[in-house]
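Take a look at the following structure, please.
Chain naming follows the written order as A, B, C and D, and within any one chain the residues start at number 1.
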Amino acid sequence: MLKDVQGQEDQRHIPLKHVGIKGLRWPVLLKDPHKGVQPSVAVVSLAVNLPHEQRGTHMSRFVESLKSMGPIHPHDLEKVLDELKEKLEARKAMIDLEFPYFIEKKAPVTGNTGYLDVSCHYHAEKEETFQLDVGVDVPIHTLCPCSKEISKYGAHNQRAFARMIIRSHKTVWIEEMVAIAEASASSPIYSLLKRPDEKFVTEEAYENPRFVEDAAREIALRLNEDSRIDWYRVTVESEESIHNHNAFACVEKGE
Amino acid sequence: MLKDVQGQEDQRHIPLKHVGIKGLRWPVLLKDPHKGVQPSVAVVSLAVNLPHEQRGTHMSRFVESLKSMGPIHPHDLEKVLDELKEKLEARKAMIDLEFPYFIEKKAPVTGNTGYLDVSCHYHAEKEETFQLDVGVDVPIHTLCPCSKEISKYGAHNQRAFARMIIRSHKTVWIEEMVAIAEASASSPIYSLLKRPDEKFVTEEAYENPRFVEDAAREIALRLNEDSRIDWYRVTVESEESIHNHNAFACVEKGE
Amino acid sequence: MLKDVQGQEDQRHIPLKHVGIKGLRWPVLLKDPHKGVQPSVAVVSLAVNLPHEQRGTHMSRFVESLKSMGPIHPHDLEKVLDELKEKLEARKAMIDLEFPYFIEKKAPVTGNTGYLDVSCHYHAEKEETFQLDVGVDVPIHTLCPCSKEISKYGAHNQRAFARMIIRSHKTVWIEEMVAIAEASASSPIYSLLKRPDEKFVTEEAYENPRFVEDAAREIALRLNEDSRIDWYRVTVESEESIHNHNAFACVEKGE
Amino acid sequence: MLKDVQGQEDQRHIPLKHVGIKGLRWPVLLKDPHKGVQPSVAVVSLAVNLPHEQRGTHMSRFVESLKSMGPIHPHDLEKVLDELKEKLEARKAMIDLEFPYFIEKKAPVTGNTGYLDVSCHYHAEKEETFQLDVGVDVPIHTLCPCSKEISKYGAHNQRAFARMIIRSHKTVWIEEMVAIAEASASSPIYSLLKRPDEKFVTEEAYENPRFVEDAAREIALRLNEDSRIDWYRVTVESEESIHNHNAFACVEKGE
């Protein structure tokens, strides 16, 4: 019988907030409102708290837990955390998943379809109560209102990201968050555009100039109207095309 | 006279927590207790809050502010924030600097010197009061106590990082934080080791096995004894050599 | 009818080697010798040459081409390139796919299964003849022969990567390349190990010390014996655990 | 006396192309035509070949070599390689340095100065003859000619990078390469622009639309005229603002 070194008593009287694994790539199936499920690849962290008297946790159990996970619906992560708490005899458990998610989108004029890739993450914790943050980084297009106003013609524009994190008591689908980000931008962006689509997107953006400040506020307005959402933090970050650095604006519910 | 679009009144009634720039690379001079100053390259964010009635901030002023900065001592960042608040008529200001910092270290036996590169960051905010987080990611060496205990010979070991963030009311030098991390590891690591040094490091690590849990607690014990330090969060993350994922342990003062 | 600006005649007399798209994330299905297909997420580049007299290429056609791709078997990429050449009236075409691939592995003693994640890429080009490079970055474990030899006990060891690129006239599966890398290492690595497995891996590594030089040569020996393989380049890079930098050794067939 | 394991005879009859270190961060001083020297932080690789009969190289000597390096002028890297060859008794040596380099630039109207950060690399090899590649990734601005032509107003534009690698028999300064990239773009980009500058840049870009194909060819034209330059490869990659992927064009002397 091999000795359980992790199970030894610890004399340092220091409880640990989180002990676990990080940076594990794993294939996942995500619940998708249209197709049922969507496969992706996640980078996963899993952790529990560790009471002061215990020397170490049993790291392999986190991977076992992941192995037994079925298709992921964010609000079902509570069960995963309950299992982790039981398996590792912990008071608190945490899971963090980062993954790309693909949304099929139609080009605005020709209707050609392509994928929009959205970097997403779920972060869930449970001690007494379950808390879930759903995050999406939606690629959007912003056109500078100042540049448009002061210039004879043209206006600088760029790829930007609406980084949204929400807490909700009912499911808010990734698709819904993306729709809010896109409605708040100068224009959505697409993987596949033919010439009539490019004309449309160019003109739409020019007609809807948005600072990062504008886009952040437009998103906040829409999130404020959604009664499912209890808290959010939104950071719009634009890869300024006349600079080699980014501009950003952050708005947080309740601040 | 070009119109000030950013200065327009905003009707959406949404105040913004942060508005600013991100991801700007900039040459910096850092205060160094031994050499006076040390040059490095930082990635910088600067931001202020934006009241609900103002449409946008004047992003170029952040870069002007950076241009006028002299050698950086972390506790002097308060002056930079005071200036930003004044220049941008803001209630709150924030600065974030990430940079590599080099510490000259002697190899343990031969005394040959080389650099240890430490990823550092300063994050400072001021509304009424000045708050400063100093972060260092110290590369260390950890050797697994379980692997040592259960195996006939050998023990898996690996590069790990002690990611420490502290708040202190008196200066704690990066060098001091690094010393604490190294004393808590199985062994420090070095850029330049000759054979007698390699023998020393190998044996020292074998004699001092540490889980990430152990290393985190050892660091916490040392930080607890330092009366300058008001708060800390320490995450030790080891790049487990028998896995392609990491193990981590996190301890936070007051949790 | 919108003007075809890309189709204009170019007067600069400069032919372009590659014109195309880069950094497109896309869901893919990969041929898998055990399960038939395996879903993953790829980062894709697609390009063609551009003759000196043509101003630009039609970028949207690359995405259309990708949309029509079925499950990916590397040697079938020739058809994709033939299509691209036709669609874009080009003499040469290129495709590059980077993706994680998962291999189910049994732990050496308990037989528990987990995934090994392998970063892979396919790079294919065709002008007259089809050329395909298959690349895998296999995470392995290396233990230092020098450290073992000179130390009373222990030996530093670490996560390493066997980065292999091969050209073959017959299919060599990713699984086969991984097996070669693992046989050449101090030990394979795993996502899920229980205590008896950890003991086994620790002792196996100690019994099989390997410099990066050794691992690279061991892989070369095995690749030399495989008559399907026409060319290879192998770089073993180990994340030295007593340093904060890596060691590497590179061997190339025919050099 | 500790045994020299690296010095053992190897029986596998496999010569190695490169053996060395990678990913070492190190403070450097770079020759600067205006200020004499400029400090920066480099990520360094150093390697030599290894004949088939020798088991391993002595990695610590690479770091010693780096320690003794003075201010870096690219054509002086030959001396470093000669030293490495001697120190490690090798036939071939290689050095690779990646670092940010800062160029002070005046805003086009107000003349305000700020830094442009340029990612650079030097790659030098010597067997019989010395070969040096100097690479710069210059951030520039591109505005789409098609989008401008087909749209009622506006045109999508974005941050782009001119990735240039050159071989020359006489010094070509980073500043000169940057000037060529900027002259070939729709507009240069800047860290500090006031409103009159922003107006200027916006209008200039609108007046100079450039596909990645155009920018690559414009750079090639300028490089072709420079008699110091023996070979180049130029890749212009634009972070398309209406897509979440990039467009690129590559031109290589002699292809």
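In this section, a contact is a pair of C-beta atoms (placed from the backbone, for glycine too) under 8 Å apart; a residue touches a chain by one contact, two chains touch by 3 or more.
Note that the coordinates shown come from a computational prediction; the quantities given were computed from them, not determined experimentally.
Engineer: When you check each chain against chain B and chain D, which touch both of them?
Structural biologist: Of all the chains present, those in contact with both chain B and chain D are A, C.
Engineer: So which chain is farthest from chain D, going by the mean of the CA atoms in each chain?
Structural biologist: Following the centroid criterion, the farthest chain would be A.
Engineer: At what distance in angstrom does the C-alpha mean of chain C lie from that of chain B?
Structural biologist: About 34 Å separates the centre of chain B from that of chain C.
Engineer: Take the average of all CA coordinates in chain A, do the same for chain C, and state the distance between these two points in whole angstrom.
Structural biologist: A distance of 28 Å separates the two centres.
Engineer: Determine the centre-to-centre distance between chain C and chain D, using the mean Cα coordinates as centres, and give it in whole Å.
Structural biologist: So the centroids are 25 Å from each other.
Engineer: Using the touch definition from the top, which residues of chain B touch two or more other chains?
Structural biologist: Residues 2, 24-25, 117, 146, 150, 191, 193, 195, 199, 244-245.
Engineer: Inside the complex, what are the residues of chain B that reach chain A?
Structural biologist: For this pair, the touching residues of chain B are 2-3, 5-6, 10, 12, 14-25, 45, 47, 50, 55-57, 59, 145-146, 149-150, 211-214, 216-218, 220-221, 235, 237, 244-252, 255.
Engineer: For the complex, which residues does chain B have touching chain C?
Structural biologist: 116-117, 139, 141, 143-144, 146-147, 150-159, 187, 189-191, 193, 195, 198-199, 201-203, 205-206, 239-245
Engineer: Which residues, counting only chain D, touch chain B once they are in their complex?
Structural biologist: Listed in rising order, the residues of chain D that touch chain B are 2, 4, 24-27, 38-41, 60, 63-64, 67, 100, 102, 112-115, 117, 191-196, 199.
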